[in-house]
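Everything on this sheet refers to the single structure shown next.
Residue numbering begins at 1 within each chain, and the chains themselves are lettered A, B, C and D in the order written.
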């Protein structure tokens, strides 16, 4: 199974990923890009994307990046993660890019950046840092 | 308008809160409790609640606690927040309790704890610490 | 060896703890209190205690609380920790109280609060949340 | 006054910076590099640099980067900051590089990376993300 197929299978097994319409767009060792629409059901009072949506996609991109570096019969769970929100999620699409900062058997440190696309321009809206813990599926 | 009605009005204006079925159960100065079902569309691969759902409810409870301490024509936006995930979100209901640690004109520091209810028992599943910024509605 | 003696031995082996003059004042399973003067060499431009001093004592109190729950031949190392600074470190003494939020074999989640004493009154100046990893000495 | 002289003056006014022997090595708009020896009084039990030292230098580099973007009669204070420790601080020198991720009048988001130099090689030992608040001197 390719790395991309493996990740898509794991994400497709999460109803949350289906609900937000997340797509796996790039998968490389230690790096994952995901995309999701800023859907009607995931907004703030002002119509911009909700921080919960930004967090969910950014966290999953970081976890996905970690999964690319663990054994095939393993996945990861988020132990802790922090998010700095930099700008409102204006536009139609979120793009999250997660990467591994430090691999490890017991802990994997990741960072993830989230961008909102509006009129074909990307704006940096959030940055996350966190710790993923591998476990056997 | 009572503090509780004011908070319910703000949360009802967010489609994300309606999508996850969040209810405002307790509102006091500097403290808010929210509840939401662990719904079918917000789960991990194993059927437990997704970290994105836990984050969304915990963040909103912390923001709600901050809103109770700002002027009536103000709300707050999350500037940054970190979450430690302590246990799987097993059960049927999430309960998030947010409180203000340090009020302020420019910044409000909050903490929030999230519990999962299963068989009428509450289990502590997450703790959050973050910073809210007041803005005029 | 008592829990307190064990912790004092570990802290005394760190030159940083000797430099800041840290004292171990309370040790219970899952809880540790440390104290340190706001010494002349550890200040900001305005003469208040430096955030680096507050962090160092708060982090060590959290780590100490974790050590009380691991095997006698183990200590812990900080994997990650975040600090919210709530007020200036005015006064003559810092008091840090760390506690374990979630014990574990691989990871221990802690919280720690730091207080500055001025004129016999304690002021809450910082709160920390972090992850400790046990290792064999 | 040049940006570098201004920053050096601010750091020299902090006794903590003098105690750890911090030097300001690079100053550009939105970016600061600091260096400090892994001194004998700032170590762990195993002789490596203490997390408190790594935090102090990393936090100050991030704050320094923020200072480069505020008015001349302003400085900044750390509101909150999180650190992920990636590797032991082995060697003779720490190098911290802080940069501004998002400037602002009320809040400035920074990231900072700390490296330990051993045998002329740099090893990435920590990454920090935080929020700085400007204030008038």
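Quick note on the criterion: a residue touches a chain if its C-beta (ideal position, glycine included) is under 8 Å from a C-beta of that chain, and two chains touch if they have at least 3 such contacts.
From a predicted model like this one, the values you see are computed outputs, not experimental measurements.
When the interfaces A-C and A-B are ranked by how many C-beta pairs touch across them, A-B comes first. Centroid distances from chain B, each centroid being the mean of CA atoms, peak for D. Chain C has its Cα centroid 29 Å from the Cα centroid of chain B.
Distance between chain A and chain C, defined via averaged C-alpha coordinates, is recorded as 33 Å.
Work out the mean CA point of chain A and of chain B, and you get 21 Å between them. Shown for chain C are the residues in touch with two or more other chains, namely 79-80, 82, 84, 109, 129, 131.
Of all the residues in chain D, the ones that touch chain C in their complex are 10, 13-16, 18-19, 40-45, 50-53, 55-56, 59-60, 75, 77-85. On the side of chain D, the complex with chain A involves touching residues 82, 84, 86-87, 101-102, 109, 111, 124, 127, 129, 131. By the touch criterion stated above, chain C contacts chain A in their complex at residues 79-80, 82, 106-107, 109, 129, 131, 133.
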